[in-house]
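Here chain A shows up in two complexes: once beside chain B, once beside chain C.
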Partner chain A sequence: MELLLFGIAKDIVGESNIDLSDQSSVPQSVAELKLFLSAEYPDFQKLTSLAIAVNSEYAGDEVLLKSGDEIAIIPPVSGG
Partner chain B sequence: MSAERYHRQEILKDFGPIAQQKLSDAKVLVIGAGGLGIPVLTYLNAMGVGNLGIVEHDTVSESNLHRQVIYNEADIGRQKNDAILERLKAQNSNTNLIGYNTFLFKENALKFISDYDLVVDASDNFPTRYLVNDACVILNKPFVYGALHGFEGQVSVFNHKGGPTYRCLFPNMPKADEVPNCNEHGVLGILPGIIGNLQALEAIKVLTDIGEVLSGKLLIFSALEQSYQKIKFKLVDQNTKIKTLAESYEFSCDATINSIEAVGLVPLLSDTNIELIDVRTSEEFSHKNLSLAKHIPLSELEQRHTEIDLNKPVYLVCESGVRSRKALLLLQEWYPNKTFVNVEGGMRKLNTYVNLY
Partner chain C sequence: MMQEPIIEIVDVLEVDGVYRELSDPLSGGICVFVGTVREFTNNEEVVSLEFETYKTMALKEMRKIADQAIAKWQLNKVVIRHAVGVKGVEEPVVVIGASSGHRDACFAACRYMIDTLKETVPIWKKEIFKNKTVWVSAHP
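The block that comes next holds the complex of A and B.
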């Protein structure tokens, strides 16, 4: 399971991708993934507006995750 | 106009004189003549879009020049709208160009947008982006979205032929301190050039009905990897049911914030019994400022907050009201018994009431 990080999410983690495969408890859903990120990187707690895509498709909190999924974390950006 | 002018695109099999005529008849409103708006306007104007409106109230500053490539050194201090209209007019004298020398506000958005077929959101802040979305939904106009962060950009076409909207992707505006803007975070000069050109391309496709419009898809460009990701997303029905603009498009915040509308500050500007703190960067401050203001950039607030005269009522101002809100939250933490007041809408809004230049 690979996470691709964009915008402020990339800045928070300090890398543009992380591999979750070797985690002891891999998040089972998008909702769990958000909790995982907030626990691992506390700065995620303040991001109230975060789009998540699983295999290039927008995914709500209820969407289940499986190994091999490519997950994109997409915060809104405002610059112009 | 000579038949030569658009010849190279008219001989394109999938474009032709019919698409050219559609461009000529089209009316496009571009919100912002900065990093994104410049490539959008330059190409739409060159390619023969017949009617272009420009909403912009900023002036050219030195720190714009690395990315806002239509402006030159002699333009520093000039209204962007004046400078760009001059260039676009010289580039294509056939275009009907209309400059709106104001920012987009709740009060003027519906009026401006209703005159156009397509809107290009080339703004640089969340309040304007949500306002553009809601106004376009209300008026049933498609809009081309583009936005930047550091070395990345996003592009999509919203509200196009019943397709999803900005709120289907990001339902609610983030809070003030969630995501930094270009002034604070920085932007690589060429990035808005790339994203703005992608927006111009989508605008052309929407106007001429060629190709596959980026509707229901968010394109994410990463400059450092030279990579593109396309994310599919669906319409959330309720987002098309907006009938009126929101009460306010200023940033919302959980904490209790004392604020004053920019217009409310105007009568206080000659009052030496208030302490007005401008928390913008030095560059922004030197570009334009209120004579009453004491300058303490947000980044130096932690070291310099003792310079604030707490015996006077303290007002905080920045460019749009976002950073001053952050400053207020910090100050409230450090001085829990003191009341601070945020100037909503910041220098931008103030500028519509008083001449700051």
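The block that comes next holds the complex of A and C.
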């Protein structure tokens, strides 16, 4: 299960992606993924907001993560 | 008849041709908004801006915005085009355009589309100053 990182998320982690399958306990939902990120990389807690996309759509905390999903961290956007 | 909106993310943003893309026999008005690189942020001199995107998702979100605007206002043509990469002062970074039968619709639609793009589309902007870089909006 691969996690894509963009913008400041890439700087916080130091990589442009993380393989979640390597983790000792793989997050099962968006809520669990957010908890995992905050614990592993406390700088995420300092951001204005933190959203998760699953298969290139914004995903709420209740969304379950399946192997094969394309998961992305969406830090505060700033286009335009 | 509404034509398919033009939704693109490009390395080099050409704004000169947008008028022709929006020109339409059923339209009495064309509005174009162009976002450009400003030299100063809070009195600090900006050298350049660097944009990156999650492209597949950004194109989907841009299309949603265009579809919402088309449903809400009677638009004949729509363009949403955003640049990525490093952009210098005065360079265009985003162009939003709409044409419609009457001017109220295209004015309102352009305002809605740029405001919503800034809230939802996964594009990130880094301000490059002489001595530091800042991801815009990342921190409160």
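One rule holds for everything that comes next: the second predicted complex is superposed on the first by the 75 of 80 C-alpha atoms of A that agree within 3 Å, B and C clash if a C-alpha of one lies under 4 Å from a C-alpha of the other, contacts with A are read in each partner's own complex, and residues count from 1 in each chain.
Methods note: a residue touches a chain if its C-beta (ideal position, glycine included) is under 8 Å from a C-beta of that chain, and two chains touch if they have at least 3 such contacts.
The structure displayed is predicted, hence computed values, not measured ones.
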Partner chain(s) touched by A:67 [first = chain B, second = chain C, both, neither]: neither
Partner chain(s) touched by A:78 [first = chain B, second = chain C, both, neither]: both
Touching partner for A:11 - first (chain B), second (chain C), both, neither: both
First (chain B), second (chain C), both or neither touched by A:56: both
Intersection of the chain A residues that touch chain B with those that touch chain C: 4, 6-8, 11, 46-48, 53, 56-58, 72, 74-80
Residues of chain A defined as touching chain B within the complex: 4, 6-8, 10-11, 16, 46-49, 51, 53, 56-58, 72, 74-80
In the complex with chain A, residue positions of chain C that touch it: 35, 51-54, 56-58, 60, 82, 93-94, 114, 117-126, 135-140
In the complex, chain B residues that touch chain A: 32, 34-37, 122-126, 129, 146-150, 152-154, 169-175, 177-182, 185, 187, 192, 218, 220, 222, 225, 229-234
Footprint of chain C on chain A - complex, ascending: 4, 6-8, 11, 46-48, 53, 56-58, 72, 74-80
